[in-house]
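Dropping the structures in below, format is structure tokens.
Next come two complexes, and both contain chain A; in the first it sits with chain B, in the second with chain C.
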Partner chain A sequence: MTDIATMPQPVSFGRRLKRFMADRPLIPLIILLIILVVILQVLRPGIVNERWLANTAKFAIPLAILAGCQTMTMLTGGIDLSVGTVATMSAFIMATQIVNQDPAVAFLLAMLPAVLIGLVNGIGVGVFRVHPLIMTLGTSLIGTGFLQVYQRTVIASGAKIPDFLNWLGTGVTYGFPNALLLFVPVAVLIVFMLNRTGFGRLLYAVGDNERAARLSGVRYWQVITALYVLSSLLAGITGLLYIGLIKAPSLSLAEPLVLPSVAAAVIGGTSIFGGRGGYTGTIIGALILTVLTTLLTILQMPEGGRRILFGFIVLFVTAAYLRIVEDR
Partner chain B sequence: MSRFLRNQGWVAGLFALLIFLFVVTKLIQPGYGSGDFGSLARAVLPYAFAVAAQTVVVIAGGIDLSVAAMMALTSVTAASMMNGASEEYALFVVPFVLAMGLALGALNGVLIVVTRVPDIVVTLAMLFVLQGAALLVLEAPGGAAAEWLKASVIGTVPIPGLPDWADAWVPKALVLLFVCLCIVWIPLRRSRLGLSIYAIGSNELAAFRSGVPVARTRIVAYALSGLFAALGGLSLTISTGIGAPIPGPYLLASVAAVVLGGVALGGGKGGLLGPIIAVFVLRLVRTDLTLLAIDPNVTAIIEGLIMVAVVMFGAFITMRSRPAGATP
Partner chain C sequence: MTANPLLDATGVAKNYGAVAALRNASLSVLPGEVHALMGANGAGKSTLVKILTGAIKADAGRILIRGQQLDVRSPAAARRAGLLPVYQEPSLIPDLDVLSNLRLTGTPVEAFRAWVRELGIPDLDIRETARHIPLAILRVLDLARALAVEPDVLLLDEMTAALPANLAEKVLEVVRRQGDAGRSVIFISHRFVEISALCDRATVLRDGSTVGVVDIEPGIEERIVEMMLGARIEKTRVTARAANEVAIAGGGRPRLSVRNLQLGTKLNDVSFDLANGEVAGVFALEGQGQDELFAALAGSIRPTGGSIDVDGAPVKFSHPSDAIQAGIAYVPGDRTEALAMQRSVRENIALPFSAALRKWGPIRMRREQVVVSGAIGRLQIDTRAQGEVQRLSGGNQQKVTIARWIAANARTILCFDPTRGIDVGTKQEIYKLLRELAGQGKSVLFYTSEMEEVQRVCDRVIVIFGGRVVDTFPVEEADEPALMRAAYGLPRGAKADVGILAEVKPGSNAEAAS
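Coming up: the complex of A and B.
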């Protein structure tokens, strides 16, 4: 009996679990994803098949790319709420300009607002030090205004979805959605950039300790401007992909993706305060949310209930990660 | 007098700007009269309450991103409760909705204190939750408002002993706004609680060491913000006669007016008068643009640009006023 006092105190299960979660955040996420898929299969036996997998991937991909924008901006302690508007603008401009223009010209025109909004976001956040949330919200408001004015000028010419985007957004080849052709390079690029390039390290550095980063010679505003332009460009490309999937250009096309994109990045383990996280977790986060959405649709949960749930998920996960980090 | 000017210089300047804008309005539209002023006061009403909600929290050193969503939720709740109900029932609806705002605001504060997640993340999550709740209450714009409530913002208040022409310049909406704000703000400002709110916004640690109950004060500040947001939601329902579940542009407008009103985004400085005058300035700019026969969508863009510029300016000032080298 007296031996116990001299033995090292065994680490409690909760503490071990916390440390495990902090060290390998991907494993619990994958387990959660599998649990969700199993629940789905139990509720609707036979739903999980090849077609369902392709479909889930198709809807998860635009979300995952937008969540990539959130991941990168969150690493610096920011957030990009203008991704929905940017994606919608690019998609809408593409669909209306393709009627009379050469595809290449239409593509460039579609990317123009994305670059501009990204630039304004970057300058506002990097130079004027406006809180990213307020700044991106403001630019998205302005962007929506421009889109409404633009819509009236093209009302006569109509809109069509280019065949190529249709193929990319909805097409399936050998059971694999064609959207993977876009997503895999984008994902590899983001992961490579974050882990292996100087720019990626700068993002972590700026988010972890901005002052230290600045004192070590990082030009804060340049990093931030480049980051927000990149984020906007990715959002614009996602818009083109998304219009091929949804096939109905509207002024609120990608708006419903904004909240889930933030949630996906947060679930994936990226800290909303900056400095910690990565893109692989975000991809799994996007998959979890897509499966969860299917599940909630089957359970006939209305849109409002879904938003409430997503809001609480963001809050709960952030609070949980905060505890884990504090413990270390 | 000179001391008053030094302390209230910013507000006085803002007031001069407002007068100047009125003169400009009169020049653009020589027929601009008391009726137009009445409709300006009605248009200002929801914005002013949104700004009051934001001001309290910003003075306490936080920010409330859920203001617009809170207004949407309280607005649809009021509209759907009054739909088909008797006129007297509205006497119960108004206090109920106000209590709901107070409680939900307090929930914001409690979540911030308990989870220790920064206010910006908590209120962002609450924005999603409240938006979802608003959609659950009412899926599409609808509902109704009691007639006597609608009448309470239309027309003017007869003041004995005042000639008719002067009386016409005292719209009911304006009186309602000032009565509601004064009932809450003046006793608060003169109480220990009000002082505590300024104290925790100015320097939380110093306030804590001087014996200010930081957690309780923060919860009260958010509860008051919820109350003002509920007033804003009610005024939306009253002036439109229906409730809409999609939040309006009140979040950005409230932040812009707070900044323009001379309240430091860092907290602890400013009052309620400045932001309220700022709202009038922002609304009057919109009126002028409309009077100049500018397309309403273009007006929305210009308004957005002004708000973003104001926020950028405010952030720039905040950055400059900090001691060199301090981390923001």
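Coming up: the complex of A and C.
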């Protein structure tokens, strides 16, 4: 700072505000979320009510869990693009197997591809050092291919959505969506894991400085393999929740959620370069994206225009947010 | 000599911030001479070379080439002026074949081939990708590429390092003939043998200034060592240390026992012991294999031969976690290698606690807090900037890397140049800490490039030169001239010391024998 003449006080208000924001990165996110809700209410008075809140939560939850997968992998400097395929596979297998199988068996069959893909991702990234982007994209394509083959074999038996998943995905009890029964424990678990367990610490450490982690005795492949299996498992469970919400099994069920899940983690302040971020920000990021989608829908713009605007807003919000919280 | 110098640099200075890398360096090279450029670590050799070859710009000074003042702004400009360097690191682009690399620099291919044959490689496939060529050959190819454009001044930085003897011989022969052909060579080397066989004159740098230019003649080595040391030749008396006696009394089985350790061409037949309660220094010039020695002991790389015993039992480390299991911790010299910069002091110190698979569960926060604050208190780390380690000062960052292993209660600490680039106060604290650790029966292997640190911290010093242990001194004998000569591979006491050196020769060797 050389232009001291223009600054009568040692620390300007703007600078203090910036420091405040940098120490509490959630606050600007919450402010943004509130602003979006207020805009929505102004554009369409009365829209923000109990039903709308429950509905928003229902659609934000699957996105938030998938964004949890991205948060964890991004902390290590990776990314998991296979979450969409994994979620779709477990949903599709569940819906088709439940027709002839015991629910527990159907559930296990549904989670099997999730575990396998997670394991392959983890070994590919952790042992063979394939770039996570390529690795998870590859397994995602392979998974989609397998799903198409599988579809032929079950085409005769049809599909149905289990009642329980229906209840979990769409049901509302006392104004609260039932999906919260799944989401709250999952969110608490992820936050606890990241902050208070050895594994969580290692995710940050590996992403921040892999060499330092190695010199401290951390075996990279163990951390990465466990991480991608966990990420895939969460994605598989999200698939089951999502099929209860959408109610129409298809081969691209959860695919549209993949990139928004990355965006939610980034908006929530997790660095794609690893070592920095957390899950609470990601949850708010997922809420922001969901509200933003509603907002753009009620603007009654054509689909193309909506997408363009969505993209611009995501870019703008992320850039602005990083400027606010990075303390330079 | 009446000939005008081909290259004449005077009064060259270069500052990096407040640090003066070069104060007043001069170098004058006559046509047809092989001129050695010498100096201890940090004397400014590499800075001067970089300035001469246009890689960086000098703050002051005058550089004349053939009597004309030239402003060498870039490596390309230096090249046009007839000045060509061959650096220690191979400069061929690894993913291109040799021919493409030649085209990239516009090197005449036939001349290159001729030089390659001349240098003792008869069967080079010019279509081979550089990545697949062994390091030693790559260095020779670099030299051939430089020779092919017939530079007036060839600048060779540690040219014979990492070369097998037969290739080294050819290289030296070619360099010698280069001089006979009327071209000049600036030859940077730590090896007196080569210098006396090859060079006509030597320029000696110390602390960024040229302190002398000498003709190479028999017995000149001592003078050069003397010049490199300068005022520091006044012997600093080793202060008596109480902890020392404890160490010797400890005796018994060595904590760490290294036998005939071999690592490619980098380490050769290295053997030494590290006792409990001892700080053993490792002293070496840059790149003599000390990096590899520490990496092998830390489990980062696997030795190709020899054995390492811990507490008398043989060990084979395949990952740093194996070494940590055996109680051996490695503190790298480069702090950015050891720290997660965006994480807190606490997380950085506690990092080894979570490393093992069975420690992945919930952390007992209160116990961790106690252990971590114990280590922070012991090292007096200034934790006002708790949030992120990157906001700490360099000295405090270095303390965190050591505190981690104090907290983990490691029995042996391998410290690689831990005081590089930190303030004097923190240096003192680190010396004190290392002595305290030894006093508690722990053992420390301490590499340093600063001679005075050896006397401040170590009980014993192991000197490495060219990948071999060339000498081991008790600290009482490890005065700076003795260290310097050993580090340059000169034999101890082989001939009578001359001049000033004679006065500082330690009096008695008897009590110090180990």
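Following the convention adopted for this analysis, the second predicted complex is superposed on the first by the 279 of 328 C-alpha atoms of A that agree within 3 Å, B and C clash if a C-alpha of one lies under 4 Å from a C-alpha of the other, contacts with A are read in each partner's own complex, and residues count from 1 in each chain.
One rule holds for everything that comes next: a contact is a pair of C-beta atoms (placed from the backbone, for glycine too) under 8 Å apart; a residue touches a chain by one contact, two chains touch by 3 or more.
These figures come from a predicted structure and were not determined experimentally.
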{"item": "First (chain B), second (chain C), both or neither touched by A:Q222", "value": "second"}
{"item": "Touched partner set for A:T170, first chain B, second chain C, both or neither", "value": "neither"}
{"item": "First (chain B), second (chain C), both or neither touched by A:Q41", "value": "neither"}
{"item": "Chain B or chain C, by number of chain A residues touched", "value": "B"}
{"item": "Which of chain B and chain C A:G275 touches, first, second, both or neither", "value": "second"}
{"item": "First, second, both or neither for A:R211, with chain B first and chain C second", "value": "both"}
{"item": "Touching partner for A:L202 - first (chain B), second (chain C), both, neither", "value": "second"}
{"item": "Partner chain(s) touched by A:Q101 [first = chain B, second = chain C, both, neither]", "value": "neither"}
{"item": "Overlapping contact positions on chain A, where the chain C interface meets the chain B interface", "value": "211"}
{"item": "Touch list for chain A against partner chain C, complex", "value": "23, 192, 196-199, 201-202, 204-205, 208-209, 211-219, 222, 226, 275-276"}
{"item": "Chain A-facing residues of chain B, complex", "value": "63, 65, 111, 115-118, 120-122, 124-129, 131-137, 139, 245, 249, 251-252, 255, 265, 295, 297-298, 300-301, 304-305, 307-308, 311-313, 315-316, 318-319, 325, 327-328"}
{"item": "Chain A to chain B touching residues, read off their complex", "value": "120, 124, 128-131, 133-135, 137-139, 141-142, 144-146, 148-149, 152, 210-211, 259, 262, 272-273, 302-312, 314-315, 318-319, 322"}
{"item": "In the complex, chain C residues that touch chain A", "value": "298, 300, 319-321, 324-325, 330, 332, 336-343, 347, 350-357, 359-363, 365, 387, 404"}
